[in-house]
Amino acid sequence: MIELPPPKPETLAARPRLIAGLRALVPEDGVIAEALCLKPYETDGLAAYRQVPLAVVLPETTEQVAAVLRFCHENGVRVVPRGAGTSLSGGALPLADAVVVGLMRMNRILDINYADRYAVVQAGVTNIGITDAVRERGFFYAPDPSSQLACMIGGNVNMNSGGAHCLKYGVTANNLLGLRIVTIAGEILEIGGTHLDAAGYDWLGLLTGSEGQLAIVTEITVRILRGPEGARAMLAAFRANEVAGACVDAIIASGIIPVALEFMDRPAIHACEAFAHAGYPLDAEAMLIIEVEGSAAEQDDLLGRIRAICERFDPISLKVSQSAEESAAIWKGRKGAFGAVGRISPDYLCMDGTIPTSRLPEVLRRIGEMSESYGLKVANIFHAGDGNLHPLIMFDANDPESFHSAETFGADILKLCVEVGGCLTGEHGVGVEKRDLMPVQFNARELDQQRRIKTAFDPDWLLNTAKVFPLKPDIAHAA
Amino acid sequence: MNAIAPEAEGEIADVIAEAHAHATPLALVGNETKSNAMLRPVQAAATLTLRNHAGISLYAPKELIIAARAGTPLAEIEAAVAAEGQQIIAEPPDLSALLGGAGQQTLGGIVACNLSGPRRITAGAMRDHVMGVRAVNGTGEVIHSGGRVLKNVTGLDLCKLLSGSYGTLAALTEITLKVLPASEAVGTVVLAGLEAERGVAALAAALGSPFGISGAAWLPREAAARVPELAAFDAAVTLARIEDFIPSVAYRTERLRAEWAGFGAAAILEDAPSRALWRAVRDTAPLGHASGDAIWRVSVAPSAGPRIVAAVARLGGNCFLDWGGGLVWVAAPARAENHAAITHAARASRGVWWLMRAPDALRASLDVVPEEAPALARITRRVKEAFDPQGILNPGRLFAGL
Amino acid sequence: MQTNFTPEQLRDPDIKVSNQVLRTCVHCGFCTATCPTFVLLGDELDSPRGRIYLIKDMLESGRAASEEVVLHVDRCLSCLSCMTTCPSGVHYMHLVDHARTYIENTYRRPWHERALRGLLAQVLPRPKLFRLALIGARFARPLRGLVPRRGMFGKRLAAMLAMAPVKLPPSAIERPASHPASGPRRQRVALLAGCAQQVLDPAINQATIRLLTRLGVEVVVAEGAGCCGALTHHMGHHAAAMAAARANIAAWSREIEGEGLDAVIINASGCGTTVKDYGFMFRAEPEPWRSRAARIAERALDISEFLTRLDYRPSRPPPGIKVAYHAACSLQHGQQITAAPKALLRTAGFAVVEPREGHLCCGSAGTYNLLQPDIATRLQARKLANIAATGAELIAAGNIGCLTQLAGGELPVAHTVQLLDWMAGGPAPPGITQKSVITQK
């Protein structure tokens, strides 16, 4: 179990008064304080780590968020922001003395502007909710994390979420224009707007991916893009992971950047096929989903070029989607991949390292070796085009030994990613899960530099405490 | 003034540590192609130039990554990636003609100013492609952020914070950029004779089309006349660029021309003239300016661009629009009241500005970028102190007293 | 997901199943997004993942259900949208059914709540009683204005009165009978005549029988068959539900063993989900019930599923009517039947449109609209607005609950099978002639 800081005794002692104070700030059913009802809020998408919070507050407006933060600030109470609770790194893990501020009720789309191609939405709007709102005009919001059905845009901003299509369209940070944020002191600030580029410091860039360390984001101005004329996915099946990896390299080297280039190994293919019935090749060791966009003729042209490259790697099969339904099924399988692993294992840990793509075959081989030595199965699902790996380590949470091995195995994979020139997390965030690995990637000076920035925003370290930064500075210094 | 030009990162760190110890303000520069014209003048006891800390340190074309030391001339990087059929995505401009700088601009300079060209409208800014940085903060500590991979959210994103911080937080020493394959072909669809409002509407239609527009500019007649490839139109021009494989460019330029039928009969420019004219737009060649003019760069929502054009016209200044109408390059006589009028227009449209060129005395007395709300300004000050507690790096460059 | 049951607890077959369900859940949270109550209320406790957590805690502790758990489990519509969404294949239905029974066994509801639930459980499954109650309610309808609109009691009473049709259809309760195929007999099926549906809208069964016999199918309404058990099952009244199911299993088994049955046809999809689950419900029952139940469950088919196996063709010219197809949750989520009804309506000549947020429940959900009128009314308004936005002239659905719930809007409603029957030569559905869509054409 991950170490959390000791709760502040004065906060715990003041619990009744604090809850009464919070009740005065939000509508009547907006404060959850009964022990039983707090339990479902004890964890997020990383269910291995759990901690029941002091209380949960569900504000409905930015002003209510500001009032809650001001109150917590005045009372020295820690705050954990939460959206849909889909974080795979424990980004919304509560603390025993913390108030969870849930933004799920702020789920309105405030403005859509097609001429200037932006939408203003509240933090609790789901990622897919934005695209759904602009789809009939042919527009979409580009970043598409696999959890896009459920995950909320506020969380996307805080984690700088990516997705399968960010190879072409970029990650969250590349698709934002403005934010409305609330500081821990309860001040409401406007960052950016509807224009491009920041005149002063790039607060938008800093806040994106800041994992709730700096402020709470309540409103977001996102760029919306006109979709292409059409898109088509192709499934390419190969005899070995390494072969599929080499094929990825060859595609990129040819000067073609597909909109998506996804990799799945055998266990992942089988789990996802059981869920999506997408016609995945069950006889393959590895499969690529390659998607191209454009008119029908442009798609044919690009798929022809890609097919020619794939054929150099002795594929088992190459199959181009023949209909919108077939493409939807292909993506349903990929996007449900993590959950689908729930069909073959009661629990999993999802890793998120990124590596230089040229090291893919080597890293895959070494993960395979580790899998054998730990005696734990792995399903591999990657955004292959940009080197972002998602090895899913399967374990049984009812067996403490198994969980402990999975944690250690995961840490070894991430260390390997850093060793080959990559990083700990490509799109899921450090959260609580990778917090203690930060010294692998950053030295003490670098961590202190980041800590000082946090302090500039949140002098008392009340916001999402115990995430991102190792708890004890001496751990960092020792590394 | 004292000029120090170290070669190694360690020496740069030593210089800054020393300056920190003695609270000696430093002007951080590269080849000074922009620093003597842009934003507020820096009052420093010494100049630290990074031009000798140069050279490409890593280029992995298959991984779409290039890393170079801050003093590396941008042209050297552009040549290296071009040799592999790749390009710098944000198409950074060369403003030496506009800002009067001699010499070659450096990678560090363009990243520190976060300057991007026409492709910014669809492909992102320089800061969007900075995958990693090494830097020396104001106490002389070497720090890094990001890395050499394409996706990285480990820790706070200092790559973005330091991009566009104009050397006021840290001295960038090494930068890793994402690069992409250069397009096989370029084509431009041109509408002649539309005034700004209508031109920007056409650009909105183009950017709202499925044809992947990678450049969208509007030039008034006198600006178009300064670009040889456009002079023959003898009119204001509305330009949309498409970059892709050869058959795609042919197909999409035709489709866009059809899409634009309601705006008038559009012409299509082939590859070579297209490349030349977008380079001119990138480097602000269409902007007419006299030696006594100040230059502003204004960023607004694209549909507000024509309002800035109208405000500039009232001053008798020159301007043109890029980024679909959202980026306005403005030239007008360097006077405080002109600054007030332009910034008022930008503010009225919820936009921002940068004073890119003006005489020192004027630059020192104006808000060269918009002032921040008090609560945000407090954060700015604290973040500055978090990097540079003595306030020795480019003091006053963005805000007086910071 | 980790669970903490003792080996002793796991010897209970219900706990054993629930443990398996819980272990399948990986807590990814996808289900929250498509849950109607989470969309409306924005509290994880009113989402599938939150309820799973509450139920897990309740079952693990072995304690009596608490007021809070009851509140949030009661708010669940059992629409099963979460099961369509869930990538891991969590069988939420079995978990929440278990929880409802557990609640009824361990929690003492306030007297008025018990009285209401007892009344509904007694009346709704019994067509004659239900008809009498509706006649009573019809007389009370003019008094609606006197009913207090505040407080749960008032709202529920108002909801019940609103449900009573202004004009009750003539009594046409299906008697046990055999309706021979016209022409040579191709198949023989049993029709679940149902309970509440045949009182609220007997024309649905009539249309079903007419259409099937015309297609060469002999239709049997079996002696002894009645309510499927869903109504009581979803209220946690386990024994009553099992008794109802057992009666049906017995009745249909006699037919199977007699002249034989190719299928058991259900034209109220809420019932279909339950009949298809008989195998599970009887998994721990002694033989022959266990295998009989499984055999019935295998033969159970929604009318739209069955019609796709026959050669349905319209005999009338296309009516030129734009129909909004409302996917009943029990059909799209409970039985995963999505394409068949739309395809049949298109074959019949209708222009079929699908409203936005088609995955969200209309708020009917069995007795939900009576027990949770606030949420049900919000869902109803949201659904009707989405349907109105399509510009359709008519709403089609495959479940009586939805039809009753959506009848309150501007558009006429009809069961899918009524529209298919109409185009194959049957009479126009009553609602349609009344609202005169036809005369406009």
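A few notes on this one:
All chains are identified by letter, namely A, B and C, in their written order; residue positions are counted from 1 within each chain.
The working rule: contacts are C-beta pairs under 8 Å (C-beta built on N, C-alpha and C of every residue); 3 or more make two chains touch, one makes a residue touch a chain.
Please read these numbers as outputs of a predicted model, since none were measured by experiment.
Of all chains, C has its CA centroid at the greatest distance from the CA centroid of chain A. Summarising the inter-chain contacts, the pair of chains with the most C-beta pairs in contact is A-B. A summary of chain positions shows that the Cα centroid lying nearest the centre of all protein Cα atoms is that of chain A.
If you average the CA atoms of chain A and of chain B, the two centres end up 30 Å from each other. Averaged C-alpha coordinates give centres for chain B and chain C that are 61 Å from one another. Mean C-alpha position of chain A lies 37 Å from that of chain C.
Under the contact definition stated at the top, not a single residue of chain C touches 2 or more other chains. The residues of chain C lying in touch with chain A in their complex are 1-3, 23-34, 38-39, 42-45, 49-50, 53-54, 57, 66, 68-69, 72, 85-90, 356. On the side of chain A, the complex with chain C involves touching residues 29, 32, 34, 36-37, 39-41, 43-45, 47-48, 58, 84-86, 102, 104-105, 107, 124, 126, 128, 132, 147, 149-151, 274-275, 336-343, 346-348, 397-398. Within the complex formed with chain A, the chain B residues making contact are 60-65, 85, 114, 116, 120-121, 124-125, 127-128, 137, 141-161, 163-165, 169, 180-181, 184, 201, 204, 207-210, 212, 245, 247-248, 251, 299-303, 323, 326-327, 350-354, 369-370, 372-373, 375-376, 379-380, 382-383, 385-387, 398-399. For chain A in complex with chain B, the touching residues are 113-118, 138-139, 159-160, 162, 166, 170-171, 173-174, 183, 185, 187, 189-191, 193-206, 208-210, 213, 226-229, 249, 252-253, 255-257, 294-295, 297-298, 301-302, 354-358, 383, 386-388, 421-430, 434, 438, 441-442, 445-447, 449-450, 452-457, 468.
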